[in-house]
Structures are given as structure tokens and as C-alpha cells.
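Letters A, B, C and D mark the chains as written, and numbering starts fresh at 1 in each.
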Amino acid sequence: MASLIVVTGFEPFGGERINPSWEVARALDGEIIEGLAVKAIRAPVNCVKTAAHVTDAIERFRPRAFLGLGQAGGRAAISLERVAINLFQDRNGGQLDTRGDARTLIDGAPDAYFARLPLAAVLKALRRHRIPATISLSAGAYACNAAMYAALHALRRRPAVPAGFIHLPYDAAQAARRPASPSMSLEMMERAVRLAIAVISGAAGETGRPRRRRLI
Amino acid sequence: MASLIVVTGFEPFGGERINPSWEVARALDGEIIEGLAVKAIRAPVNCVKTAAHVTDAIERFRPRAFLGLGQAGGRAAISLERVAINLFQDRNGGQLDTRGDARTLIDGAPDAYFARLPLAAVLKALRRHRIPATISLSAGAYACNAAMYAALHALRRRPAVPAGFIHLPYDAAQAARRPASPSMSLEMMERAVRLAIAVISGAAGETGRPRRRRLI
Amino acid sequence: MASLIVVTGFEPFGGERINPSWEVARALDGEIIEGLAVKAIRAPVNCVKTAAHVTDAIERFRPRAFLGLGQAGGRAAISLERVAINLFQDRNGGQLDTRGDARTLIDGAPDAYFARLPLAAVLKALRRHRIPATISLSAGAYACNAAMYAALHALRRRPAVPAGFIHLPYDAAQAARRPASPSMSLEMMERAVRLAIAVISGAAGETGRPRRRRLI
Amino acid sequence: MASLIVVTGFEPFGGERINPSWEVARALDGEIIEGLAVKAIRAPVNCVKTAAHVTDAIERFRPRAFLGLGQAGGRAAISLERVAINLFQDRNGGQLDTRGDARTLIDGAPDAYFARLPLAAVLKALRRHRIPATISLSAGAYACNAAMYAALHALRRRPAVPAGFIHLPYDAAQAARRPASPSMSLEMMERAVRLAIAVISGAAGETGRPRRRRLI
């Protein structure tokens, strides 16, 4: 039997009819990619509930890998997230609340966790397939970050389990209503996530963390 | 025999291997869309030569419609151009020269021509098919604008011939090298131009100009 | 007695408390710059009324020069507008209506007029004083464009009268409520417009139009 | 005698003649702001050297507070940085190297440190004075982040010492050479940093960390 990779996507929010992260997750549900069977989970756009969903899924399925997906409206490329932070910044009418007030997600837990994915290898694979992709240094301070942080926290004592998060652009159909926003076809996003899972599978056991070399 | 629509695209420039405008034009070459047979023409990225190419093609083929295509790197949506101006602003290292020096394209000709396409109808068709699209008020001051201006000038005494210009985003493969840039799949751009031609065909004989109503 | 330059600014709109174009115009009102006495006019943000205001002011004051000012929220630099178009595109909730419907401002008038200002010389002066500035190829399709078009139309038979339009960024105080938007200090915008008027004064009698040289 | 606040700025880089972070730091050098005497330090744009500079300055001056300043070309507002990460991502021709390769700054140290500044209070003060400002969730992965991380690491056992980092936009004179880039006057940036230091002084002893409340 194939090992599992839990892939989470979010429900639509902000008046959208779809969320590309869930469209991609459910399209891959049940597929076996380089020995990893995809188990798609749909998460609510709410920090507390998302974190609970993610934590429960990890406890229940004991996956060999975890990959969270989310929608990053306004970004043009597939974003491989580098870091999740122990912070929740309120939203104010859909916008990030920039009044600066913030709360910790988990008291006493570290300020941040780096993704445990082979980001450079995933990036290389996506570019080789001519898919716009980049490394991102911030997954925000809302539900996507909460999902990523909760997963890395839940897996903190299982360092061999690759875990991380990928942000997806708007789907073209979403961008049709806001033509100044960049977008990507769902088909290309599906291919991108499939490629990422293939690389993650091959790299299982590697840490994916920044190369250790004392710089300072 | 079907009537002709001349569709121009540009050769690659700026170190690119492809230019989506030419990829789309040549993909449609020979196709018959709602009674219009596509004649694709490849134009050089040079104001003087482009204008000559466009003018020659119009004289030679006497098309029932004209549609210029060009690459607008950095734009996220299909841009339906509203106006071509009688102006050429030099380039300086690939960037628009903002020193402000400018020359007329054709002495004694009007400062500008509006597109003669049913822009609102094309826009509506693209959005109904969930393709990001918008009306643009500037086609720049370089080869794309020169092609559009030259065509509208050449056709100034044949007002029943629809003529205009559409700017295309980077293709995804181009954006893979610059992941902050928005892009669109070639397949979607092809569909968009096919839809535009279908609408243009249906509207032949209409002027496509701004609705006449004295505002001021 | 000094000759007049009419300088128009707009009332605040879109929920703003100020409009930098009017702040600058009224700050300069009555000043004499290189022999040109500034007559500031406050215009309403409405195409029809603005055009009437501008036309009336030109008829009434018979100025030796005309300079319209407007707010271009989201732009980072002083924008010297190159062209005004005979077009009005409706607004939809503050945003440019991209449904594509459009009306002519003045039936039977040309599609566009080029600015009659020495744009390259103004740009050079601003940059020499380290003020971010650029040439813009579109003044939009709303009240700013209407003011510019109406002025150039009213002065079409007085070609020696310099006339044009400058778009200003948000003032810093406006941007404080939307920190992703670029802005400029009112003091710098005032200096910029003063410099522009000085150059315009020196160049009176020149046409400021694109250099005539047959390109095509 | 007043307590010290070490304020670091960077030397110019990327062909610039100035770096607003150093212009502001040196302008404030020696000033006493709400009881804190500013000690300005000029740091090199190099991760290893910057970190050494910052660490040395903290050891040598034992300041009561630390504030790093840096240039964030392309941002429109004063950015109050929330988090510094234990990561260095190489640069490639001035651009962030997006090949994804990365190294830890300090082996065995935490993945990230949150700023220890009263960010919400600083933000509120800046906005009250109508200065565009925002909270930023990423200080990048280069010298600015290294300075911030090194300071928070050096002060990890002195939690009562406020420490953090502020990114500044381009100065207007820098933006004059790239008019699409947002900018801010040096005078406003100076005022902003002065206000920030005043708030930091008043809040000394507070942690400035995210409010502790178990969310998940």
C-alpha cells in the first residue's frame, strides 16, 4: 500500500465561487504520485479551525508527508513558502489588518518554523517545466500561515516527515472579474503540485531545511 | 471564398525565445472563423519597418478586417487597445525612454485614431468565457502602437473595415524566468483571439467607435 | 501686468479630505512665476462640468498658458501627460468601468489632442531637481482627461498658447490610510509645478508638440 | 547621562549614491530622543560583516535599545519588520536569488525571532502624524534581515531591551532615476524614525511581542 501525503486546500472565501487550492487538492485526491497516495482535506478559512483540522488530519492519517495549499490572490507565480510564524494578525474587511495588533498562535511555541521541503529541488523542477514559481519568505499571518505552522508544530518530533505549504495564484476565471490581477490556469497549478509531490516523495527523509553552514 | 482578416504578430525581442503575439497569429493562420479567413503576418519590432509591413499587407490583401497582436510584458490580462497615437518615443536599453523626446510617426496625420473594433462586445465575450481582459487606453509609443496607427491610417477612408490591436501578456514559459511577472497560457490567448475575431466578424460594418453623444 | 496662466485643480473625491491638485493650485494662486501670474481654478470631478469650467475660464481670462492638475492615486511620480482623448468611459464604484462602454466628449472633434507643452524640457528640469517625474501616455478617460481635452479643444485655434496637464501622486497624508500606495509630499509637488510653469513660460510660443520628422 | 539606542544604517549599494537608512541614522546621531541618546553605526551590505558589526556594537555599547534601518527599494511606506529569519539567500545580480538555495545564518539558533518593539504603538504614532507606514512580515533574506537577526540573537538573554528593524523607501532623489518606484522624502523618514524612537523609549521594559493568547 502506498504511503499517504495529506494535501490540504481551503474553502472559497471573500465572495469567490472557488478556491484554487481546494480545486487542485480535490483533483489530486486518491492519485498515487511516485508512491505517495494523496489524501485531500478541505480546511475552513479560520485560523483556529484550520489549525485543528490540520492537526487532526496529521494525527489521524500519520502521513509520510504533508503539503498545505492556499490561494494568494495577487501573486503571479506558484509560491513555495519558506517559513511559518507563530502569529495571527486580524483581518479588517478582507484586508490584512495593519493596525499592528497580533496574537501568538500557540503560546510557548517557537516564533517560527522553516518549511521542511526540498524547496530548491521543487523550484528547479517547476522551472524545468516552464511553470512560473518562486520562493516566498512570508505565508502571511492568517489561515494559510496557521495551517502551515500547525502542521510543522504537530510534526516537530517527526523530522523525517516533509511538510510545507504552497501558495497558488488566482485561477484565470477568478481573475476575469479583476483583470489587473495575475492568474494561472487550474491545469498548470495541478501540474505544478503534482511535480512538487513527486520531488517531495523522492526527497523523503531529507530535511529540506536551509543548508547548515555557519555564516555569522 | 471567405473574406480575409489580416492578423499581425511580432518576432521575439528583448532576448525572448518566443513572442506570444506571433505564436497566436501563426497558430490561427489559415483558420476560418465565422467567415473570416486568417492571414497571419510576422512583423519586425521596429516602428518604421512594422508600419511598412502593415501598410503593405493591407494594400496587398485588401482584408475585410485587421487585427494587430503584440506582447505587453507585465500586464495580467488581454488588453483591448482603445487608441493609437501619432508618436514614437525612443527606447533606451529596452526601457521606454522617459527623457521625453518624441517624434511624429506620420507628418500631418491626426494625433490619434480610435480603434475601430466593437471593444465592449469583445470584452463581454472574453469575460463570458472567463478570460481576464480589459480595455487599455495606451498601446505605448513603440512598435505595437506604430502597427496599430499605421493600420488605422491606411484604412482611414475605408471606415467599414474593423481594425484594432490586442496586447497579450507573457506566456507562462516566458514568466518562468521572471516569476514576479503575470502571464497567461498560450492556449487561453489563442482562444481569446479566436473569440475576438468571431465578434469582429459579426460586427463587420459597425464602426466600433465611441458612441456619439455630446457630453460637453 | 504679468500674463496669466490658468492652473486648474480638482475638488476632493472618493472620500478623500483633500485633493493634492487643488492644494497645489491654490498654494500657487496669485504667485508670479517667470512673468506668468497664476490664476487658480477649482474644478468639479465631473466630465461635463469640468469641461465647462475649463472652457469658461479660458474664454474669460484669455490666458497666455493653461496647465491642468489632477490626482492620480497609485502613481509614484509626477506624470506629464502627452495626450488627451475624445472619450468618456463611465465609472463603476470608483473604478474605471471596464465594461468597455464609452462616449465621445465632443462630437465631430478629433479623436485626440497632444499636449502643447515642452514636455522634454519640463521633465529635464524636474529631474535636475531630483523630483521623480515621467511622461505618461494616458490621462485616463474621466474628469482629468476631460479637462485636458476641453482646454486643448478650446485653444485649438490659438496654437501659440501652451496647454497641458500634469497628474500628481497621492499626498503622503492620503497614503497614510493606504500604505501600499506611493505618495509624494505636497511641498515637493508644489516645487514641481512651479518648475514646470517656469519652463512653460520660457517656452511660450514653442509648440511643444512631437518633433516633426516623417518616420513612416 | 542618557541611555543609548544603537541605530544602524547601511552604506549605499547597487550603484546608488546614498542609502536613506544611513542618511537618517547619521542625521539623528547624537540626538537625545525621550531620554535615549542615538548612537549611529554604519554597516556594510554583507551578511557576515553586518552581523559582526551589529553584534560588536551591542557588546561594546550595551545599549538600552536597538533599531536597525535599511533601504527597501520599491516599497511605498515605512515598514515595521515583524520577524527576522535564520536564513541567507544568495543574491544574483542584485536580485534575490530565487533558485531557492539558502543557508542558515547561525547554526543551532532558532529559525526566527520576532521583533521586540511595540509595533502597534509605533504604527499608530506614525499614522497619527500622517506618515505612510505598515507592518511587514518579511525583512528579506539578505543584509537587512541578517542585521535584525544578529541583534535579536545577541540580545536573546536581555529580553527587556527593545530591538527591531525598520525598512525605508527610496528617497525621492533616488526615485528620480526610476520614476515607477515609490519614494519618500528624507525629511519625512527622519521624522518617522524619531517618532519610532520616542515610542520605543516610552515602552522600554515592555516586550513588544505578539500578545499571548492561545489561539490554537
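In the analysis below, contacts are C-beta pairs under 8 Å (C-beta built on N, C-alpha and C of every residue); 3 or more make two chains touch, one makes a residue touch a chain.
None of these values were measured; they are calculated from a predicted model.
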Worksheet item: Quick one: which chain's Cα centre is the longest way from chain A's?
Response: C
Worksheet, complete the sentence: Separation of the C-alpha centres, chain A versus chain C, in whole Å, is 47
Worksheet item: Roughly how far is chain A from chain B, going centre to centre by Cα mean, in whole Å?
Response: 39
Practice prompt. Could you tell me the distance, in whole angstrom, between the mean C-alpha positions of chain B and chain C?
Written response: 29
Discussion item. Show the residues in chain B shared as contacts by 2 or more other chains, in ascending order.
Written reply: 98, 134, 179
Discussion item. Building nodes from the protein chains and edges from chain pairs that touch, which of line, ring, star, complete or other describes the result?
Written reply: ring
Worksheet, complete the sentence: So the touching chain pairs work out to A-B, A-D, B-C, C-D
Practice prompt. Mind listing the chain C positions that touch chain D in their complex?
Written response: 76-77, 126-127, 130-134, 172-173, 175-177, 179-185, 187-188
Response to the item:
chain A partner, complex, touching residues on chain D are 47-48, 51-52, 55, 80, 82-83, 85-89, 98-107, 110-114, 119-124, 134-135, 137-138, 140-141, 146, 150, 209-216
